[in-house]
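Inspection log for the structure reproduced underneath, given as structure tokens.
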Amino acid sequence: MVEFFLNTVKPHFNFWVYVILMMIGLWSLIAKNNLIKKMMGLAIFQSAIILFYVSIGVKDGATIPVLEHYGDYAEKAVPAGPDVSATESSPAPAASNPADAFANPVPHVLMLTAIVVGVATLGVALALCEMIFKEFDTLEEDELLRKIKALHDDA
Amino acid sequence: MILSFDIIILIFLIVAAIISLNVKDLLSSAMIFGIYGFLICLLWAEMGAVDVAFTEATVGAGVSTVLFIATILNTRRRSSD
Amino acid sequence: MNPKIFASIAVVITGIVLLYGIADFPTFGDPRSPANSGVEGGAPSTSLYYINESYGDTKVPNLVTSVLADYRGYDTMFETVVVFAAGIAIFAILRCVGKDDGAVISAPTKNSIDGDHNRIIVGMTCRIAVPVVQIFALYVVAHGHHSPGGGFQGGVMLGASFILIALAGNLDDALGRFSEKSYMALASLGILIYAGFGVLPQVLGKNFLDYGVLQKILLTDGPEMARSHSMLGVEIGVALTVMSIMFAIFANLSSRGTLKGGL
Amino acid sequence: MLEQLPAVILLAPLFGALLVGLLGLRDRRACFPVAFASLLIALASAIGAGMRAFTGGAYDYFIGGWEEPLGIGIVLRIDTLNGLVLIAIAVVAVLALIFTIRPSSEKDEGKTAYFYILFLLLCVGLFGITITGDAFNLFVLVEVSALTSYGLVAIGSSRRCKMAAFHYLLMGTVGASFYLLGVGYLYLKTGSLNMQDINTILATNAVVSESPGVTTAFILILVGIWIKMAFFPLYGWLPNAYSYCPSGSACLLAPLMTKVSVYVMIRVMLSVFGLEWVFGHPGWSDLVVWLAVIAILAGSIMALAQREIKRMLCYLIVAEIGYMVGGAWLNDPNLWGLTGAFYHILADAMMTLCLFLTAGIFFKYKGISEIADLDGIFKKMPLTSIGFVIGALAMIGVPPTCGFFSKFYLIRGGIEGGQWEYVAALLISSLVNAVLFFRIFEIAYFGKKPAEGHDHEHNHEHEHNHEHEHEHEAPAQTTLPAREAPLSALIPLLAAAALILLVGIFNGQIVELIRVAFEIPSTLVSNLR
């Protein structure tokens, strides 16, 4: 058990947690009865995906992707450009690759977008919840389906 | 990135997620969801994604929670699950 | 079928598929992983390119800002459009002009514990806090080049300051400062600014969002500074849209689309 | 200036939407002209951009001028395939827009402007999805189109459309999230987001292309797109969302949303993973074709059971999606299945537009939503009926229409690929469509048998009107004298009918254009076998 944890889970701990969070979100998305609870499940589901992406970009011992936080790297980096791409293709990369000092910025950029998309979706969903409550006076899915079915039978 | 810090926050995250989904009072649930948002914001900061952390703090923990509360106050506070 | 059983089945299947994919992931935090330094056979790693070259290209030390607003500016423009579309969708769903649905919507009675004294304290605190929040938000927008922050974060904070007014006082106060007409106009204006910075280079004969050519208009020394300044302009556009829409979403949700009373 | 056209396609409706936001809220009469003008510009530039690809081959448009190294910026890629889809989207959008020219609602003034803004932004999203060459950018644009379509479904004031929109939102968000996750897995394994770059890596680097992570990525992306397009087990949201939303929205959503998702699936199979990789996994093709067979049969059978016109058409869409997914996965040596599936995207967009326009006209001007009430409509509305008959014949697959040719190519693919169950399902489904539509023709032409009882019918209509009291578009009185629909409804309908015939007659040229894009992969697949 401990060995399994150390060998399999620990090197990918973030990824395991993302799967767990995502499953919590997906389960409550399907199984919860209250529409607002469903939306919380959806929000957790989306944050799990963000956790996955951000975990991709992490580098051991790296700092945040803002150049000034690394002394005068910004000035040094420009001439060092061609050398870096040369070391990248070699089989044993030099430990002193200056790019290793910064986390990968790409997942961060992508996830900024995803977070904003998430909150936009949440807003639309909550607006729909309010309208559904106004029409049917409940937010429990089973009651809603019953009332809609009654509406259908009337027609 | 500090691995022990990372593991502790992630475990707290799972706990916060489960609690917020299982509290029957939706207002409390929304508040715990806010806690979840701040924990995840802490996690991003710890993983070096400061911009994501900043956005999460304003959007995820701030505005989302306010929107949830606005909706819950306009609908019903109790839920069946 | 019972949704709980169905949910469990769906969750187990998805979980197995996801864990199957995890098995051969690179170790967490490995700087040599494909995402962080590319793989053989493909183009050179974009991540390394951004870290090594973006300061030379744009003179913006915050890599996230330069990638967000310049290299992947097209994404960011549509992200702003997503926010705008969400706002419009919410208005379309909730907004009811002049139709007073008295039966359902009644101005919620104020809590009995929330007496006048508390309102004075909250109101005064708010009065002090809001300008500070707004100044900080503007700083976040403007300083996004050098530190974490940028249009989204600043825009959400500006929106939050108006939400704070609405929460502490009432919605009419906040709407008096930021009316429906002005938030619609500002939201459109924000995207117009962003898309405008994209179209101007087209007029000057380059591709969409190619800020470098704007040095002729912005009178900067070299295309790098033109890119840097254009990014600031773009961030301001994003901030305007996000601010207006965030406040508008709250205003509509809290008053069920009547824009009266509020919480 | 011509090389700027790919960006103009997106920018025209975007600026149109902003202009409607600024002007239309003050004066709703400004909405339609602005929207119409911007969509016409988009149509013209789509044709321009498409023609350039048809004559000169595929080309790239680098946003921001970031060309080197590949993938640092976002690239728009236009080839013959998306040239065709672009033109189809623009044509459908323009025709659907003309149909909305007379909003019958007198109340809720602001909603007209919101409707047009959402309409235009949806077009922006669909155009963007079609031409983007970046896997993550596709997600953002999918969300643009998704959020606007939730708004368009929920904008009606019928009681049930809100719940339908909520389910649509849940399913749509889960689908988009799965897609995003799949792109994340791909990014983790390849370090790239550019479709072309990913394709090169998967083709050249065997270590990456055979890893479980890439397989998982493909499964996640595929499941995400299937949810978006309402493929068989995941179709639950579609019938409610499309049948309870206002007719104006339905005419735009039904022909385009699912078809663009099918296009995305073909794009992912073709340009991201590559056909060689996809069909290199034994068993996948058979599995998906069987799923498609079930989708076709289930969709057809459920369509038979419906009483309402719109719901029947929705289940037919489910069956048509089965055609396209199955066709794309046939894996026949000459790729006739994939060709047929792609041709069917265009054909089905026109057919669905035509039929939903008819359903919209019947509902909007006659207050009819049930098949049984169509009673003698051919005499009352002869021109509408012509459009309806052409759409129905195309759906059945009668020769000069495009429906026949797409089925011809699909069946050819099925026979050459040896997937007989798919051929059988196609034929059964055509038969079911024939039964369905000839039943409607009979009611509409001869009227109902007197034995059915007039009382019952009147009762029915009465209740029916009562139910739709809350609808955004109040249906006209059912007792109106025999009167043809106005020109604003007839023009798009007859244009759609003409397009069905044109796409059918010029099928040879269109198929040639489609196969230009498949040329290289088709040799690879035939070598494999």
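As written, the chains take the letters A, B, C and D, and residue 1 is the first residue of each chain.
Keep this in mind: contacts are C-beta pairs under 8 Å (C-beta built on N, C-alpha and C of every residue); 3 or more make two chains touch, one makes a residue touch a chain.
Small disclaimer: the values here were computed from a predicted structure and weren't measured.
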Name whichever of A-D and B-C has more C-beta pairs touching across its two chains.
A-D
Chain located farthest away, centre of subunit C as origin (C-alpha):
D
Inter-chain centre distance, subunit B versus subunit C - centres from mean C-alpha coordinates, in Å
19
Round to the nearest whole Å and give the separation of the Cα centres of subunit A and subunit D.
30
Expressed in whole Å, how far the mean CA point of subunit C lies from that of subunit D is 30
Compute the distance, rounded to whole Å, between the mean C-alpha positions of subunit A and subunit C.
16
For subunit A, give me the residues that contact two or more of the other chains.
13-14, 26, 29, 33, 55-60, 62, 64-66, 106-108, 110, 112-113, 116-117, 120-121, 123-124, 126, 128-131
Where in subunit C do residues touch two or more of the other chains?
18, 22, 25, 29, 33, 35-38, 40, 44-47, 50, 62, 64, 68, 72, 75, 79, 82, 85-86, 89-90, 93, 148, 152, 249, 253, 256
Quick check: what residues of subunit B touch more than one other chain, meaning two or more?
1, 50-51, 55, 59, 63, 67, 70-71, 74
Could you list each pair of chains that touch, in label order?
A-B, A-C, A-D, B-C, C-D
Touching subunit A in the complex: which residues of subunit C?
3-4, 6-8, 10-11, 14-15, 18-19, 22, 25, 27-33, 35-38, 40, 44-48, 50-53, 55-56, 61-64, 67-68, 72, 75-76, 79, 82-83, 85-87, 89-90, 93-94, 101, 104, 146-148, 152, 242, 249, 252-253, 256-257
Using the touch definition from the top, list the residues of subunit A that touch subunit C in their complex.
11-16, 19, 22-23, 26-27, 29-31, 33, 55-60, 62, 64-68, 74, 77-78, 80-81, 84-85, 88-89, 93, 97-100, 102, 104-110, 112-113, 116-117, 120-121, 123-124, 126-128, 130-131, 134
In the complex, go through subunit B and note every residue touching subunit A.
1, 3, 6-7, 10, 13-14, 17-18, 20-21, 26, 29-30, 33, 36, 40, 43-44, 47-52, 55-56, 59-60, 63-64, 67-68, 70-72, 74-76, 79-81
Residues of subunit D that touch subunit C when the two form their complex:
4, 7, 11, 14-15, 18, 21-22, 25, 61-66, 69-74, 107-111, 114-115, 117-118, 121, 124, 128, 134, 136-137, 140-141, 143-144, 147-148, 150-151, 154-155, 162, 165, 185, 187-194, 197-198, 200-201, 204-205, 208, 211-213, 215-217, 219-220
Please output the residues of subunit A touching subunit D within their complex, sorted ascending.
26, 29, 35, 38, 42, 45-46, 49, 52-53, 56, 106-107, 110, 113-114, 117, 120-121, 124-125, 128-129, 131-132, 135-136, 144, 148, 151, 154-155
